Amino acid sequence: VKQDVAPPPEQPKEVAAQTEVIAPHKDLNQAPVPLKMERVGEHEVNVEMTAQITDIEIDKGKSYKAWTFNGEAPGPLVVVNEGDTINFTLKNMDPSIPHSMDFHAVHASPSKSFIDVMPNESGTFTYKASNPGVFMYHCGTKPVLAHIANGMHGVIIVKPKNGYPTDNQIDKEFVIVQNEWYKYNDLDDMTNGVPSQVVFSTKALKEGQPNTNGDTYSLKEKPLLAKVGDRIRIYVNNVGPNEVSSFHVVGTVFDDVYIDGNPANHYKGMQTVMLPASGGAVVEFTVVEEGSYSIVTHQFNHVQKGAAAIIKVTKD
Amino acid sequence: VKQDVAPPPEQPKEVAAQTEVIAPHKDLNQAPVPLKMERVGEHEVNVEMTAQITDIEIDKGKSYKAWTFNGEAPGPLVVVNEGDTINFTLKNMDPSIPHSMDFHAVHASPSKSFIDVMPNESGTFTYKASNPGVFMYHCGTKPVLAHIANGMHGVIIVKPKNGYPTDNQIDKEFVIVQNEWYKYNDLDDMTNGVPSQVVFSTKALKEGQPNTNGDTYSLKEKPLLAKVGDRIRIYVNNVGPNEVSSFHVVGTVFDDVYIDGNPANHYKGMQTVMLPASGGAVVEFTVVEEGSYSIVTHQFNHVQKGAAAIIKVTKD
Amino acid sequence: VKQDVAPPPEQPKEVAAQTEVIAPHKDLNQAPVPLKMERVGEHEVNVEMTAQITDIEIDKGKSYKAWTFNGEAPGPLVVVNEGDTINFTLKNMDPSIPHSMDFHAVHASPSKSFIDVMPNESGTFTYKASNPGVFMYHCGTKPVLAHIANGMHGVIIVKPKNGYPTDNQIDKEFVIVQNEWYKYNDLDDMTNGVPSQVVFSTKALKEGQPNTNGDTYSLKEKPLLAKVGDRIRIYVNNVGPNEVSSFHVVGTVFDDVYIDGNPANHYKGMQTVMLPASGGAVVEFTVVEEGSYSIVTHQFNHVQKGAAAIIKVTKD
């Protein structure tokens, strides 16, 4: 990851030490290219994503020249059906580094179908999403830690063929992703340090829903919205790269939980769900009164670093 | 949390740096006020707790001016029935800082029912315990990390309406809580450091049972007591604030485990139970011979910092 | 653990500081003594293991004078049947420190049956393996953290009386163990530091299968082997001593998972399994195409430190 690091000679050493932007990324801030997704058969979809370098505001006033899928970090939400074949194309707009795609949702040979796509090239891969759930995706190019920590992660939901047994109870659905940020492109801090920020983001399940990057403030300033009495479902995934999550919503209990989003992995009445790095869940709960309900990881050092989002519940 | 820090001018800088006792707490060591609990209806209880500043010995010879519920850290055990309405009063005896109460066991609007109670005031809130289990409670005043890490945490058990399927096998019941201690009231160490101590405590389920604070020695010097052949149930919760727990008892296997204490989340034959921060469980096992059985988190760096408790098993 | 540390006077201080080899271990590199195992009854086995000091290459060119069971770290795999009585003998070839054995698989009094065996002595203990699963074993001599982190850990599989419901689907079976290495015999680094290496090893289930130590390279250079279409079962345990694991295999989904290896704890369709320190699992999945499939913990800072193993899948 540190290849091609060429600090501009006119900069004093202190400034150079604080940044490790790869030289060819220096003046890059590529406008987000939208995800392309098209159903081409009853059980077949085409998905096209773009690896690109885009500035993200991860904390108030703090910009991060993220390595991204489609200019978002986490990347755009992908939703398919159980059993779908995915024809996936990755376009790599990064002028300097290869990138790749590893969907946790599919069965595929990593050394054939999750392989590097070179700068300014594109690659197409086909695989099948056989298992329902809330899966992580990420760039799998080495060092994988750097590619994930710099922003190349996201969520793919595979909708279960027969739904969830609690589908008919749900009033509102949201997607929440947890990720960490480290010192900019600093593989040593990523490997041995503690996160600088731990953050949540939401991804739109349908038009009109908010869609944010992983930052410390967006979901506090513009909360998710619900009504008194709503039964809420959250599709959640902890994309890491390093930390586990103790996922919790203040003021309620998760009445139904499906670990990794598989309908067969059904828990009841949980206060907190343990998510491994890259683990997912579907959690369902009711908000009984007006007010502000915080989503957190109950590892409160991480809340201190940003990991909180608000659901605002109103009467009408 | 660092507001009002006014180190006495006569102290040398080194000493001041080691302590961050809030000025109005300097000469405070409030005698523990007992928990008040009263059943006022078949499905209704009154509970009164007190936020107070009390010295706790967390390690041999090491006193911690804890922010507490009722002068204990973890705070006193609360036990209610599934479906109970709780009329909860928090009296705040802290002269300087607001405190509050967040019960993981209830459905409530956090911004209405988990709100700050000002110094020398009290607040009453009503909510319902709809889900059975072993839940964390804690002060929810910001920064929450400081309030939990300084001692404001505890356990509320909500007894399942229809019990556990293994109720009739149980001979002895204990409550065990895991928590961490950090450098005194040092929000930076709480946020970025590693725990100074990781500890267990027990809370009395009935009169005559031991009831301890979270320290490194009490449950080693005065073990929990059981008899050969006893089937033991432990209600456990890991109140954190930051670490997860790998809960284990040496010399046995948990034959029955209920994750978060919900009878529906039934596991069999586990060596170790993964508890997220704020996660709970009911674990059941048999001790087949005389001897000393250690309770640990199998994250052994934490055992090295204090996280061990002993069950002493005798013949008669 | 640091008792008897007597750095040779001729060494400069810098070198002495980098090593904390216990003086009597200085010139020791005991050749591995094979595990002895013998079935002596339908439900009774004799097992003999040896505590010994043996050099292990944990990273390319990096030797670690490990405290071991039988010259391996992790120690040799032990496989018994549910309900077996184990007559266990520990021979201690370490000339200077006591060692002991704690099998997570058994019901036993720790203060009678997991006790220290003195240098150059041996001890025999009898206990029963009542629960099926994939259990950790380890030396339980104090400080336990040092004994585990220096290499005294391993896996015992207790085969379920009635098997797993998916037994007839399985084509290949492997054992994978995750462990951490720290600065050599440095109790402070073990207690407060981060791992220097996080590694996987495999243990032979039958003759001809690979059997490796926990190192950063063996399972990358000599991958586990499978065929296209194979249904693979992995018996996995995370022996720590400190870290949890987010166990994942790239390119597939675990169709069936048995937490701690108990057939009753059956999950479906998981991308990643959360293993507490000392937690185990049986995971089953299919490899659909030729190629290289990486086994990782999805806590990618640990992959950066070595935690990856490869399954090479070929057509014929």
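Labels for the chains are A, B and C, by order of writing; each one numbers its residues from 1.
Here is the rule we go by: a contact is a pair of C-beta atoms (placed from the backbone, for glycine too) under 8 Å apart; a residue touches a chain by one contact, two chains touch by 3 or more.
Since we're looking at a predicted model, the values are computed, not measured.
Undergrad: Say we pretend chain B isn't there, which chains still hang together?
TA: Connectivity check, chain B excluded: one piece.
Undergrad: So chain A and chain C are the same sequence; what rotation in degrees superposes their CA atoms, nearest 5?
TA: Value: 120 degrees, nearest 5.
Undergrad: Would the interface of chain B with chain C count as same or different, where same needs over half of all numbers used to appear in both copies?
TA: Because under half of the interface numbers appear in both copies, chain C and chain B meet with different residues.
Undergrad: Just the number, please: Cα centre separation of chain B and chain C in whole Å.
TA: Chain centroid spacing, chain B to chain C, equals 33 Å.
Undergrad: So which bits of chain B are touching at least two other chains?
TA: 244, 274
Undergrad: Within the complex, which stretch of chain C touches chain A?
TA: Within the complex, chain C touches chain A at residues 194, 244-248, 250-253, 255, 267-274, 286-294, 297-305, 313.
Undergrad: Considering only the defined contacts, which chain B positions touch chain A in the complex?
TA: Within the complex, chain B touches chain A at residues 102, 104-114, 130-133, 135-136, 140, 143-145, 148-149, 187, 190-192, 240-244, 259-260, 262, 264-265, 274-280.
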